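Report on the following structure.
In this document, chain identifiers A, B, C and D correspond to the written order of the chains, with residue numbering beginning at 1 in each.
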Amino acid sequence: MASEIKKIGVFTSGGDSPGMNAAIRSVVRTCAYLGIECVGIYRGYQGMMEGDFKTLDARSVNNIINKGGTILKSARCEEFRTEKGRRKAYDQLTKEGIDAFVVIGGNGSFTGALLFTEEYDFPVIGIPGTIDNDILGSSYTIGFDTAINTVVDAIDKIRDTASSHNRLFFVEVMGRDVGHIALNAGVGAGAEEILIPEQNLGLERLLDSLKRSKASGKSSSIVIVAEGDKIGKNVFELKEYVEEHLPIYDVRVSVLGHMQRGGNPTCFDRVLASRMGVKAVESILEGKSNLMVGIKDTKLVLTPLAEAIKAHTEIDEELIRVSDIMTT
Amino acid sequence: MASEIKKIGVFTSGGDSPGMNAAIRSVVRTCAYLGIECVGIYRGYQGMMEGDFKTLDARSVNNIINKGGTILKSARCEEFRTEKGRRKAYDQLTKEGIDAFVVIGGNGSFTGALLFTEEYDFPVIGIPGTIDNDILGSSYTIGFDTAINTVVDAIDKIRDTASSHNRLFFVEVMGRDVGHIALNAGVGAGAEEILIPEQNLGLERLLDSLKRSKASGKSSSIVIVAEGDKIGKNVFELKEYVEEHLPIYDVRVSVLGHMQRGGNPTCFDRVLASRMGVKAVESILEGKSNLMVGIKDTKLVLTPLAEAIKAHTEIDEELIRVSDIMTT
Amino acid sequence: MASEIKKIGVFTSGGDSPGMNAAIRSVVRTCAYLGIECVGIYRGYQGMMEGDFKTLDARSVNNIINKGGTILKSARCEEFRTEKGRRKAYDQLTKEGIDAFVVIGGNGSFTGALLFTEEYDFPVIGIPGTIDNDILGSSYTIGFDTAINTVVDAIDKIRDTASSHNRLFFVEVMGRDVGHIALNAGVGAGAEEILIPEQNLGLERLLDSLKRSKASGKSSSIVIVAEGDKIGKNVFELKEYVEEHLPIYDVRVSVLGHMQRGGNPTCFDRVLASRMGVKAVESILEGKSNLMVGIKDTKLVLTPLAEAIKAHTEIDEELIRVSDIMTT
Amino acid sequence: MASEIKKIGVFTSGGDSPGMNAAIRSVVRTCAYLGIECVGIYRGYQGMMEGDFKTLDARSVNNIINKGGTILKSARCEEFRTEKGRRKAYDQLTKEGIDAFVVIGGNGSFTGALLFTEEYDFPVIGIPGTIDNDILGSSYTIGFDTAINTVVDAIDKIRDTASSHNRLFFVEVMGRDVGHIALNAGVGAGAEEILIPEQNLGLERLLDSLKRSKASGKSSSIVIVAEGDKIGKNVFELKEYVEEHLPIYDVRVSVLGHMQRGGNPTCFDRVLASRMGVKAVESILEGKSNLMVGIKDTKLVLTPLAEAIKAHTEIDEELIRVSDIMTT
């Protein structure tokens, strides 16, 4: 029963994303506002199994809204995938008197939460925190907006040097399964070509596009490549391929890497996280469970976790078209 | 008839906002992609009346997607509000052979466009470019996302010095009629109190809130005040009032001013502007007119200009609540 | 005797500046490295008189090198200017067993330190922490580099909107007695005119310069005004004066204010602060006192506090000349 | 004779660096101020040999002081190393009537200039533009300050995610022959270990240091590695080595790459470039040649090009010591 909720746990899980701290802060302060005790669970499911808990009051989350990373740490945890692992976690939660939890993370984290709540009928609400923006049920995930700005800032810098030397750059960005970062940051940075996992346009088209770009008088070219691109070559192989088949370019590679996960969150991510934290706690107190908080347009919505983890959000075809037109 | 459109004009009007250049670039490149001629109109309606035109090809908008301001300049124009002024503009457009135009601006700019198209049956599509985010028919306007990040960055800096000295700061942000910037940036910056035109909570409540904040052990307080706040005092009078009635604080004022209108646009604003530009040109070619391109959730939509200018978008009550809870 | 130093106090005093935390961290870690105990003194001389102390070990300064403000807080303190106040402070230091202290601040803070050490023969080393860069004996003070970048970033943003509207902006920056921020940020931002306390060029020259700028075809003008400018008018009066005498401009004002004191310190300020902290502690252990650590070219040097507080550093005439040439 | 100088050429050469545009602007405006014609030479020595020239007036360098890269493009040029190549260049310069040139670049560019001026007795002044800060005769080169801030910003972001996951990161930064970027950015970012070409501390020491760092309770570790580090392993091999020999860490690699060369220049670099440009032109007009403009402390100085290219500037031993102490 919702009326019995006296203590709520909160944790971050999986890859960290900027804005997770703002979400933690929001969960903690909403609990304080509503007179509920809030317990921070460190290192995700790993810390849950080990009882790595700490009570958090409103002041304990001062000055974290603008910090990247997560003060609760994050981890991936194999053991929680086993029944035994989840039993350990349940025992620790029970021992601590935690009546429900809010999990901030992505698909993997939600899958674990779903298994857990099905086995133990434990109230659980999810908040989508991942830079990949690939969660069904929310138009935006916490951290995505910051990540695309980090990528665009980096490419703006690379563009400076690319233009000065008439170079072609392959820039690898995060996105193993989905191309949202690549597509949005690519359009935002004015990239000449964007290679994403959802599309395999083939190497021929890439060469054609680069030839056209050169012919049109552009002084440099930037090609964004998502990690999970299906063109069959990684970014270093792409460089070699183009150097061999299109020797008109001086080609360079840049792999942006983990800086994409960090940084002070943007205002958008801070506000989104603040709103979602309130909604998560209030949903638990309304007796809801097994749901994820999402945003559709400007309104918060709830989606069953089972739905949210079913598939990645699809890439926006219209945005691919915009990208093509912009490289005219 | 849409089939007769051979030349499209584009201009920016009213207060400038970051991302206007990305919108111009998008209109220009979409025209180039579709084989339509594109003409830049300088200084808004003023330049239109004076025939201040320049043909823009795809390369002429290189390297502007990441620049604040507008390469076409902007202006407010009294004369265009008169029939005589609009007649001048029409003559110039006709002389240049411009068949339709895309206006990038806010309410005032759209009102002018509406009058003009009603008088001359001239195809017009609007793109919402203003930092105020106050246009009905679009959840976001171009420049708003950049502006709230500029404000949040400034307040993050002010917070550093406020915390070091246990001070109370009143920070004035833009928003004469609407509090969207104040509310979003206020939540994003973790402000202790946010004063917006849509609400007049009274001075008593402000004092209470500041007392509570002090009592709760916070080392500093930031109060965001929208320009158009209705509490009856400007930000300097607020300072005096609080110093008199609540002498526990060392109070300072900061007026953020015009820097809020500038800066490199965020990825969100660049992508939004790129998408809207494509949609605007395509809508004209589909024979549409008197419409504004907007975004609802992740999809572009069209709204009659007459609807768009009717009223400001309302402030989100849920976000006000989030703001109250966060200051626990 | 230096050999008897077992416990060193450290504090920040006066206006805060970015990089003070990096200096605190350096003092604390150098003490830890050398086996000396380090005590943080909160709120400057005020906290010293009240015994507001806390022992700091190497881990207590984790993750502060990149934070603006000062974790030890800062304050101005009237009482310490009295003999009685300094007696209180001495008693507290003695009670805590503090054998020497490092004061991070500006002229006012050093003046207090000098009085104190002369009265009580207490080992004292100063580190120049102020955004004003006005301390004799050091080519750079901690915080100056960050402050000029903050100003330049803000003006870059203002320039966007100034250019879009062909406006003239008066931008007031910090610097009550010295124009280092105004002059450096003005040259860095490409300002058309820079008004500093060290020069009074008169209003006529300003008008002439603005006329020339307009005539040369510039689309906007930015005039930087240091707070302490001696031209006889504040920035709002300047606006009115120019509007009256040079009605060709649409004039606006922006007062940058306290954001100039905050923000994540630049690499330069972090490195400078780290180096100065080491030098300060080592100097104390070498038996030195009444000295300020400074930097000349790339080397650290020591200057008697009595010298450092004698006068402000002079403005660089060559840089004024560069400024004049650049506005050609 | 200096009195005969009527037309000065300016170009950028070698790897580009942020602030080169500010230096170009300064050379151009100083010429305009002094009534000398200024000609931009595109693509360095390559463009010189091809006669790729364009006259630049004061307005042609508007709005570039804050842009990374170089509007004159840059290139490396093999042919200029031959007598024949330099003859071509001389013929083009003569044909254009260029009486002297200012070269903005690094060691390689100065070596070419020196050969040229010795063969043709042609007035030449160098300005040190390189992110590496490795030029004898100047304490700072244009671009270095921006580059170390770019690196520190990136590492601040990486630190967020490193801390959240208790990870060890190897971050590779630029610096093939010299460790100035690595050392300064490493101290600025609070790196746990810094590996530079000038030192080979050995793999044992690295492992010891990492063990100590872990034992001291740090939640993450960042090791900065200069490209040219002599430890015998590249950054990916280092990762493997540490994973094998110190399995307590989850190790990741990040190669920052070419973004280090771009970005809006810092105020320091803009001011430095502005000052050096003035000095370069004035030196030519004073009849000087074969010299490089440098900065020592806050004053500009001139050094024979033959001296400047003799060796790299040495790493600061004191800063290495500071780095060691800070990782306590």
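Keep this in mind: a contact is a pair of C-beta atoms (placed from the backbone, for glycine too) under 8 Å apart; a residue touches a chain by one contact, two chains touch by 3 or more.
According to UniProt, the chain labels map to these proteins: A, B, C, D = ATP-dependent 6-phosphofructokinase.
Quick caveat, the model's predicted, so the values are computed rather than measured.
Averaging C-alpha coordinates per chain and comparing to chain D, the farthest chain turns out to be B. Chain A and chain D have centres, each the mean of its CA atoms, that are 36 Å apart. One simple way to say how far apart two chains are is to compare their mean CA positions; for chain A and chain C this gives 39 Å.
Look at where the CA atoms of chain A average out and do the same for chain B: the two points lie 28 Å apart.
Touching two or more other chains at once are residues 156, 159, 163 of chain B. Touching chain pairs in this entry, ordered by label, are A-B, A-D, B-C, C-D. For chain D in complex with chain C, the residues that touch the partner chain are 25-26, 29-30, 32-33, 58-59, 62-63, 65-66, 139, 145, 148-149, 151-152, 156, 159, 163, 184-185, 187-190, 216-218, 264, 266-268, 270-271, 274-275, 278, 296-300, 316, 318-319, 321-322, 325-326, 328.
For chain D in complex with chain A, the touching residues are 12, 16, 18, 20, 67-70, 73-75, 150, 154, 156-166, 169, 219, 252-255, 257-263.
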